[in-house]
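Every chain is named by a letter (A, B, C, D, E and F) in the order it is written, and numbering of its residues begins at 1.
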């Protein structure tokens, strides 16, 4: 088994970790053009899992993210 | 021969493994815009294989996945 | 010279090898939206080569594959 | 923990660092076709974070950048 | 300086080398949807350079290739 | 700090270096479909920087290049 590299000192990794802690609502724009909105449950090196108002979970592949935008609270 | 790295401790890998065990129906949104739905038969580091109601198998390249969504049961 | 890694124990690699042996007709959906159909002649770590009914060969870059679907026989 | 490689001697990395220092307005064209404009707050190996006139932050995945253009001042 | 890996034993690399030797006309379908046609002058790990009837050279990034098709002679 | 690999013996790297020296006008077709034209100022492993007639600089991410075409002089 291989332990995948995950550098928690990187600002972009920490930003996502903070969004998990804050249970903030975040917009994810994907390279497909899809715009997904939800609270971030977890991230790993490959994916980010979000949940919407109906507790429907969606696992986003990081390779498909164009940008993310925390929604103003 | 080379044994490809596959970190089964990652949440996103384990989520897919759980979906295999649960024989859950999952939606795959691809970067092509295609939306494929089926039960997950297996994954490896490169692909995820699903089967639909007619037992037609489709092997999805992970590089093409934008997001996945387990369907509400 | 470098010998490229190619893990023949992976299900997705073996599936393609089996499709070569079976001379099965396979659909390839590419991230361009193209749908190519043919029998698989060979694969290597970078490409999959298929041939159509007129013996026209096409070499598909794996990086462009969204999914593959063996056609029902 | 793994420290991600980040070569600050590269012109393209330094260019972004300079744009941070200059608080210059920069256009980002993404492979989605989106055109985002803002001042660069930080970069790391994975992302670039910008802020617009309303202090709305957007974290752009570098994998999604097609080109950047500093706006004429 | 780093010498980039280039495995000339791979069928897909050799196929391109043979197309160079044969000065064969080849169609390149790119992930942009562009279809470029020309004779292959050289390849390296990153690119393939072709020339058209007017001796106009185009350097194609391999990352953008969806498939290639030698034209019937 | 990490020194990024950059193999100046590759034809495609040298071609870009020559285009810098010649201050040649080059067309860049991107995977977004954008067609950018300009003289090449510099390249590094990640980007190519061009300048247009109005001295407007644009930094193109190599990951987004489909092909390049030196313009006939």
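FYI, a contact is a pair of C-beta atoms (placed from the backbone, for glycine too) under 8 Å apart; a residue touches a chain by one contact, two chains touch by 3 or more.
Here's who's who by UniProt: A, B, C, D, E, F = RNA-binding protein hfq.
The model shown is predicted, which means the values in this text are computed figures rather than measured ones.
Participant: Starting at chain A, how many touch steps does it take at minimum to reach chain E?
Facilitator: Counted as steps through touching chains, the separation is 3.
Participant: Counting one step for each move to a touching chain, how far apart are chain B and chain D?
Facilitator: Graph distance in the chain contact network comes out at 2.
Participant: What's the chain with its C-alpha centre farthest out from chain C?
Facilitator: D
Participant: Please indicate which chain is farthest from chain B, where distance is taken between mean Cα coordinates of the chains.
Facilitator: It is F.
Participant: Between 0 and 180 degrees and rounded to the nearest 5, what angle rotates chain B's CA atoms onto those of chain C?
Facilitator: 60
Participant: I'd like to verify one number: the distance from the centre of chain C to the centre of chain D, where each centre is the average of its C-alpha atoms, in whole angstrom.
Facilitator: 38
Participant: If you average the CA atoms of chain C and of chain F, how many Å lie between those two points?
Facilitator: Comparing mean C-alpha positions, chain F is 33 Å from chain C.
Participant: Where in chain C do residues touch two or more of the other chains?
Facilitator: Those would be 30-31, 63.
Participant: Round the ring, from chain D on through chain F, what is the full list of chains in order?
Facilitator: So, from chain D then chain F onward, the ring reads D, F, E, C, B, A.
Participant: For a test of understanding, state which residues of chain B touch chain A in their complex under the given definition.
Facilitator: The contact residues of chain B facing chain A are 5-13, 15, 29-31, 33, 62-63, 65-70, 72.
Participant: State the interface residues of chain F toward chain D in the complex, per the touch definition above.
Facilitator: Residues of chain F touching chain D: 1-4, 30-32, 34, 36, 42, 44-47, 49, 56-61, 63-64.
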